[in-house]
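Below you will find the structure I want to go over with you.
We call the chains A, B and C, going by the order they appear; numbering starts again at 1 in every chain.
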Amino acid sequence: MLRPTELAPVPGAQEMLVNLGPQHPATHGVLKVVLGIDGERVTRAVPHIGFLHRNHEKIEESRTYHQVIPYLDRMDYVSGLQNELPFCLAVEELAGIEVPERAKYIRTALFELNRIISHLVWIGTYMLDLGAITPFLYAFRDRELALDIVERTTGGRMLPNYYTFGGVRRDINPRFWQELTDFVDYFEGVLPEYEALTVDAPVFQARTVGIGVLPPELAVNHGISGPMLRASGVAHDLRKDQPYDAYPWLDFEVITRSEGDCWARSKLRCQEFYQSIELIRQCVKKAPRTGPYLGKGRLKIEAGRQRYRAVEASRGQLGVYLYSDGGPGPYRSKHRSPSFTNLQALPDLFVGQRFSDVIAILGSMDIVLGEVDR
Amino acid sequence: MSEITLDDQARKLTLGVETVYHAPSPAAYRRLGERLYGAGYDFPQCLSGVDMEYGLRVVVNLRRLRDQAEVTLWLDVPYEAPQVPTLCDLWGGLEWHEREAYDLVGLHFSGHPDHRRILLEDDWTIHPLQRRYDTGGYLIPEWRPKPWPEAASSDASDQAPVEAAEAVTPKEAETGSSELSQLKALSAAFAAKLQAQGITSLKALAELSDEALTPLATAIGLKSAAAVAKWREQARQLQEGA
Amino acid sequence: MVPRDRPALRSIPIPKDRRYQPRRVGYSALKRFTARELLSYSLLFFALAALLVTIYSLLPWLIKQVPAFAVGGELSGWGQVVYGVLAAMLGFTVVAVAALILILMLRKYLALVQNRYGPLHYGPAGAFQTVADAIKLLVKEDFTPGKADRLIFTLAPLMVFVSALLLLTVIPFAPGWVLADTSVGLIIIIAAGTIGAYGVLLAGWSSENKFGLLGGLRATAQLISYEIPLALSLLTVAVWVGSLNLSAIVEAQRLWWTALPLFISLLVYLIASLAEIKMVPFDLPEAESELVAGFNTEYSGMRFGFFFVAEFGELFLLPAIAVTLFFGGYHQPLAGWWDFADVLRGWGGFGEFLANLYGLFWFLLKTALLSWLIMWLRATLPRFRDDQLMELCWKALIPLSLVGLVVAVVLRLVFK
């Protein structure tokens, strides 16, 4: 399944090279895609990344395990807490640290809340790319309400630095579960409006139905995960397949759609809103109100231990490959980010499409350059 | 360990166990890759390059979506010859991971269709994630590579024991279970200790008598015998189910 | 259904730290505040318009006061020239004022919908924001791209602007208050739109920028294509009424508005006018989040200001044309049965003026409602892809406008 070299000119076509430059009005971050356009069709798409590369992995090699966690927030800066979880899980599993039940529920509730936060950014910016200016503001306004909860609990909106090995770093405020319930009740009431403005809107459907179809075999072979994969019909969700935290005790189903086009991905993410709301409600109901928020255990990993642990972040499978040499910090921590791997499908999705659909496809892939480049 | 209920436990066991393959040579690495692809590992999760200070290592994590089995494959190559055969014709998702491994660690993937740097600029001179450079990108003058480790003293890992790469047949790659690994599935941290106490298989665990629980628990360092009782119960149920 | 928001503001412009104030459940004070502002802007608009048309209506009398321009109680040749020039300047002022207020109302309306404040700083509640924008555009560096054709680069925005102004000249704001009461007013409207399309094409081409050229070509294709349903729907009105003179068309709608029998043509006209204004959902030529930045990439400063004012002038003028042709112009609804303007006229000389003001009020109200509809669409809809745009025009609107034409012919044969 080798693709022909992207840099070689496509024979027979008279193409014009156009830069979808590192600075977009469509706010995905700094991504450069060199497009070759022949008339209306795209003949070549070569993505160039690395504009936001900050070399996290090298820095983390000279930090202790606790010092690594703030660096992780900077990867996917849209959903801060989700980045910390795979690293914490990997270290907990290697060092044998127990996580108490209450801490698991707190982590899961905040994880799902961050999924809502991240999908709200996606929906706002995607509609902005397509020309509708109002859902952007509605999404960010509702996101403020969720970020208030995150901020009261963790201290930070964008870079929370809250999960730690064995649980969470500090206790939640007494109104945490009530605040979650309030937000979730409110948000469920406005979700039909979001859907009416976006996935059910005829103009949106005209722009996205049938565009950028991703075949499931290609998706699986390319390691694509998250809503992109599930919208192509593959029911792979790490919350079900390799559960962590409180997910074994929560009752939910994996959402899939079969069409695989941009509309299916958008609809899936809207359905994930509902799913996250349901999961947060279950967490609120089942979480013990008393108990420790931090488990006990020595953070000592023997030399030579390694572990790849992944979680289902809002963009896909976010994983950490951790190799330890017995020292106070990781010897090598490689972050497998979903956007990096999903972006590999970009040439397959762009080539052959109309030039005007490029923006629609790119928005439906939901990439954040912070975690692509690290 | 995180508390896993019996249902998940049973699911994990019947779905397969995590296995690790340590390829002794690049050719074996490529053969193993092809065999694993043939065995149905279709989802590439991650390919990492690690600088082991005696050489470079490439670690591939794969997954089989059918039964959620994970497998890890790694290969050590010396600094002087960092060539590794590419696996991205089997799994397209490893293409950019291999480019990143080349870019940051310095592994060369022979047969890669687009072998150039991805995160750093195309004319960057060093591979920053190597241990000979410090965080600023400067060469550490007193850094020397370590000697190559002998084959016997391979790294301890918490998964199944390292198996000789040539001996792996597709059938073994598929089931990939050994007794110890089944024990490890129950409790990875204590499997070694159980083994040291003479419990080497699920059968032995299932046949423990009630009186033997508490001394065993004390011997392996647990406060109460409840956990051992639970493992015994799980082992019994699995034996009945198997 | 926007989230319940913070407590009401006590003082403009910027509220203090909003972070830890408790949320008040109930109607949003933010929206009440902005709605108040929108109402006051509308009143301001009407006041300014009333002022301008008052000057306009007094203009002949004023010119006749100068003996050189009056010959026996009528305007002499030179008087007519002066009258023409002054009336044209007045028209330009009307369009500029309309654009100014509409820009502000658009921004405030979008803010209302999006639960935010909109312009707040310049002037009372942000009323002078557009003036500030105009000053900003004026003081920008005026440059021409190196390889561009200077003459055409300068002329193109002017062509677009002038085509918008031309639309103004034939619209009757009140009985007798038309700048040019020609017998072919409708044809002038169609022709003016065509000049605008040509200006856009030249703008894209003279930029010497392949993105600008692409944008210009796409824009021109869109504009030219949508001319056809626009013209056809306008002509159905002419068929129904039997005249191309806009004043006659308005007078013919004294009792029943043309929108009632010709609603198909009205629909076609509204959609086609959206495309002519290049407003969402048809704003692909000037969209920023698409790759190509549009035909006005290379324009900055007041050159871009011309495009901008032309667009918002058309936002006023094309709904004004719709009002004139379909919604009865300056008549109040059901003026055939009882018209308050007749009551006003009964009061003598000044009453005529008051009746005209009354007609102007109705005219502006209807235009404002249609403009508000367009702004509403702008706030809500994403944009079409260009081939979908073309498909809509050629496969949906043109057949529909032809159907409307047939309907008009049939109805006229039946009813007249």
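By our rule, a contact is a pair of C-beta atoms (placed from the backbone, for glycine too) under 8 Å apart; a residue touches a chain by one contact, two chains touch by 3 or more.
Remember, it's a predicted structure, so these values are computed and weren't measured experimentally.
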Least step count from chain A to chain B, where 1 means the two chains touch: 1
Of all other chains, the one whose Cα centre sits farthest from chain A: C
Chain whose averaged C-alpha position falls nearest the assembly-wide average: A
Centroid spacing, where centroids are CA-atom means, of chain A and chain B in whole angstrom: 25
Chain centre separation (chain A, chain C; CA means) in Å: 45
Centroid distance [mean C-alpha coordinates] between chain C and chain B, Å: 69
Where chain C touches two or more other chains, by residue: none
Residue numbers on chain C that touch chain A, as the complex places them: 1-3, 110, 113-116, 210, 280-281, 283-284, 287-291, 378-388
Chain A - residues contacting chain C, complex: 16, 18, 20, 24-26, 35, 40, 127-134, 137-138, 141-142, 145, 186, 189-190, 193, 197, 201, 203-204, 206-207, 354-359
Chain B residues within the chain A interface of the complex: 1-5, 8, 42-46, 48-51, 59, 61, 65, 68, 70, 72, 88-97, 100, 104, 113-114, 117-121, 128-129, 135, 155-158, 188-189
Chain A residues within the chain B interface of the complex: 1-7, 49-50, 53, 55, 57-59, 61-62, 92-94, 96, 98-99, 101, 104, 218, 220-224, 234, 236, 241-245, 248-249, 302-308, 310, 317, 319, 321, 323, 331-332, 334, 336, 340-341, 343-344, 373-374
